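So the structure is just underneath, and the comments pick up after that.
Lettered A, B, C and D in written order, each chain numbered from 1.
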Amino acid sequence: MNTPDIGAFGRMLGFRITEWRDGYVRMEMDIGPEHLNRSGVLHGGIISTLLDTACGYAGTWCAKKGNVRWAITVNLTTNFTGQAKSGTITTIGRKRGGGRKIFFASAEVLDENGQILGFGDSVQRYRSGSEDPEGMPYKPPA
Amino acid sequence: MNTPDIGAFGRMLGFRITEWRDGYVRMEMDIGPEHLNRSGVLHGGIISTLLDTACGYAGTWCAKKGNVRWAITVNLTTNFTGQAKSGTITTIGRKRGGGRKIFFASAEVLDENGQILGFGDSVQRYRSGSEDPEGMPYKPPA
Amino acid sequence: MNTPDIGAFGRMLGFRITEWRDGYVRMEMDIGPEHLNRSGVLHGGIISTLLDTACGYAGTWCAKKGNVRWAITVNLTTNFTGQAKSGTITTIGRKRGGGRKIFFASAEVLDENGQILGFGDSVQRYRSGSEDPEGMPYKPPA
Amino acid sequence: MNTPDIGAFGRMLGFRITEWRDGYVRMEMDIGPEHLNRSGVLHGGIISTLLDTACGYAGTWCAKKGNVRWAITVNLTTNFTGQAKSGTITTIGRKRGGGRKIFFASAEVLDENGQILGFGDSVQRYRSGSEDPEGMPYKPPA
């Protein structure tokens, strides 16, 4: 697995990618006090962020070593089905369909016991140059 | 205006509420490097978080001094319409409808020039004890 | 299986329920010329309607013979992933979570070859008296 | 105003366009018994259809007489905020943003008294040849 760059906000959240292949990603994150909302449970915005991120990765894996694909989120829906205060949570993203320019993905966030905390769908758009499944050589954003 | 507690994750993001009344909220946030994604622009998860937060506040203002109302996000949709790298962004939330237990709200995030960066809708549920528009005495989460 | 009343609009669309059990429903519909949009393909509104309907059924099956449960759609998201002009389409709905008053479901519409035409999620609310999994005696709407 | 072709399913529903200009559309429909669900109120799928349709029209008006623009719905969210059994309902759609290929729109359905029955957002994609604001000569779908 090529471990991708997860970006500054990703590092602030502190999640890690534990599996990544064509059309599929699995990520983990340990809930800390900085992730809680004013009711003391995992902030919904973080659940949205994890779903968004997993949907993006689900459609941007590429086989060619050193190459990457970039996607931009067009739309994201989150359904909040449960709450958590601590523990390691898992996010799974799957590509559902799409064409050369746009793809669709679904993702879900599970707590340590496999209970569903949130799920949702996303429309994502490949950035110019990333339409090709072989991707493009990695270049840091300008 | 009673300035509400914005919670730990809210403080980490660093937004502030600049107007809050029945059915309406306006918030501001200064984009910093910690808010950027791996493409170097404001992370979509933050836009979702701001929309989520604004939708919640739009339905939980209460007139009675010292009292609060709590809402839980059931569902959130985000549409990503623009990008920003820096500057102060504004989020506006408005209540759209609902009953005693559930309410609907819409929100949008605007950049410094009033260009729309994202917008969306949310279904929110009043926490038990918060259905009354007069709210309940503030008590920190257990 | 208790075949439920599908209502006037359901009869106008002409779908049929082919499997229904706790947390799951499968429906079929034969595409006719009256289902097409101005581009000559299955109207997106019908895909939304089928997803909406399947999400509702996914949470309202009840074991007690003659009893029913009613749900009201709070929110529905549809992603349009494919197109069809004819043939028999299948809609599958699954309950994803929820509590006594509200539940979440996902559904997808597949064409004759199993290609996905659309998928989405829904927040549904049990009507008063339908919270109990045993349901309530059927009574036509007033 | 060029009255557009509303298609077979549009004619079955029976709505009419009462105002259409750049970025904006207003439609009306008289509720009949064929529009009701199994609870005897306007079917949610029709609200979704009207929102979908209005979002599409909001981005496809074109100034050039005889020309048209076509859009395909990528994603649609509907929030169901009210119920109606009869009367004339109004749907208003507004373009919210977008680029050459994709646009975003929001719409709402109001009952005779201006109460909101439903609202939502949509991602739409211009069909090939429709990206130009001047549109293309009308040609019936093959």
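Keep this in mind: a contact is a pair of C-beta atoms (placed from the backbone, for glycine too) under 8 Å apart; a residue touches a chain by one contact, two chains touch by 3 or more.
Since we're looking at a predicted model, the values are computed, not measured.
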Same or different contact residues where chain D meets its copy chain B, judged by the half mark: same
Relative to chain A, chain with the most remote C-alpha centre: D
Of B-C and C-D, pair with higher C-beta contact tally: C-D
Averaged-CA centre spacing for the pair chain D and chain C, given as whole angstrom: 22
Computed distance of Cα centres, chain D from chain B, in Å: 29
Chain B-chain C separation of Cα centroids, rounded to whole Å: 32
Sites on chain D at which at least two other chains make contact: 74-75, 77, 79, 123
Residue ranges of chain B in contact with chain D within the complex: 77, 79, 81-82, 96-98, 104, 106, 116, 119-121, 123
Residue numbers on chain D that touch chain A, as the complex places them: 74-75, 77, 101-102, 123, 125
Parts of chain C lying in touch with chain D, wherever the complex brings them together: 4-10, 12, 33-40, 43-46, 48-50, 52-53, 70, 72-80, 127, 141-142
